[in-house]
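Read from first to last, the chains carry the letters A, B, C, D, E and F; within each, the first residue is number 1.
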Amino acid sequence: MPEVFVYAIEGRSIEQKRSLVKKITDAVVEDYKVGPDAVSVILIDTPKSMRAKAGVLLSDKS
Amino acid sequence: MPEVFVYAIEGRSIEQKRSLVKKITDAVVEDYKVGPDAVSVILIDTPKSMRAKAGVLLSDKS
Amino acid sequence: MPEVFVYAIEGRSIEQKRSLVKKITDAVVEDYKVGPDAVSVILIDTPKSMRAKAGVLLSDKS
Amino acid sequence: MPEVFVYAIEGRSIEQKRSLVKKITDAVVEDYKVGPDAVSVILIDTPKSMRAKAGVLLSDKS
Amino acid sequence: MPEVFVYAIEGRSIEQKRSLVKKITDAVVEDYKVGPDAVSVILIDTPKSMRAKAGVLLSDKS
Amino acid sequence: MPEVFVYAIEGRSIEQKRSLVKKITDAVVEDYKVGPDAVSVILIDTPKSMRAKAGVLLSDKS
């Protein structure tokens, strides 16, 4: 508490994820005035075949 | 915005998913008066061993 | 099962919601081959002050 | 309705999951006064590399 | 971690909620072998006009 | 896409929210290499009576 869920397309590297969760946590700590231990970040990645924009699966887009 | 999340049992074909996201997007565009580009659909599938109804995992049902 | 969550800006009428949940349910029944009783739709509305695009709260956009 | 989502680190056995969904369902039935058929539980597991606490991925903790 | 989200119709008393979160937490602690401090439960209630089953808003059902 | 959901206790000011969504968006843009327009942030606040830690509602803690 707070918990942050990030829904994205799969394929980011561990370095990208490591950096992102650090920055998001720092932002929550700074702006919401909580200790860092209180902040959980959960990354939920999905393949392009499980995501649509404008009614079209991302795996169908060229 | 809007974002639509569909939680279902895994096993549907890409054709089923392609059709579903199109219809959901069309419905949101029509009823909520937004452009199609604004609509994201995210499909989150889980195996039967990760789902319960009436207290029983679906993988335990005959 | 399936469950569908629709996250949107508040302000739609009951008629818009009534129509949307019907169409989404029909789409899931048709494409995912489940009975209508199996389909739950949950609408989660948020005010513009709780939503951001491109880093800006929607309540701050003119 | 109600739907219960449990976000956890992957690695629990099927016996642990079977027991957990039963207890959660019993609790909802007892306290919220609904029939057991109305209760869905969805388990969403993530690897340690997709979870952070205090800004650090769990896979980076010793 | 774990985090548990319970989506339900609004209207339960504080006593019902107090009892439910205790039982869910106890179940997670017992089955998933984590300390109680690690368990967060978030209750997300919605009015009947924001929920549909079988394509019909619950507020439209007699 | 990506979509970021932040679940927190209600009571933060609009300035805190404005700052948080900006920093989270900047982090996603920088680390995940997407344009800012692609990033949605949704803040979902709940009262203390709808949140538990260690099995106790936050509204019951002194």
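Simple rule for what comes next: a contact is a pair of C-beta atoms (placed from the backbone, for glycine too) under 8 Å apart; a residue touches a chain by one contact, two chains touch by 3 or more.
Note that this is a predicted model, so its numbers are computed, not measured.
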item	value
Both-way neighbours, i.e. chains that touch subunit F and touch subunit B	A, C
Of A-E and A-F, whichever chain pair has more C-beta contact pairs	A-F
Listed pair (B-F, E-F or C-D) duplicating the A-B contact set, over half by residue number	E-F
Centre distance in Å when subunit C and subunit E are each reduced to the mean of their C-alpha atoms	20
Where subunit A touches two or more other chains, by residue	1, 3, 7, 17, 24, 26, 40, 42, 44, 51, 53
Chains that touch, pairwise	A-B, A-D, A-E, A-F, B-C, B-D, B-F, C-D, C-E, C-F, D-E, E-F
Subunit B contact footprint on subunit C (complex, rising order)	1-9, 12, 16-17, 19-20, 23-24, 26-28, 30-32, 51, 53, 58
In the complex, subunit C residues that touch subunit F	7, 44, 46, 49-57, 59-60
Touch list for subunit A against partner subunit D, complex	14, 17-18, 21-22, 24-26, 36-37, 39-45
Residue numbers on subunit A that touch subunit E, as the complex places them	1, 3, 40, 42
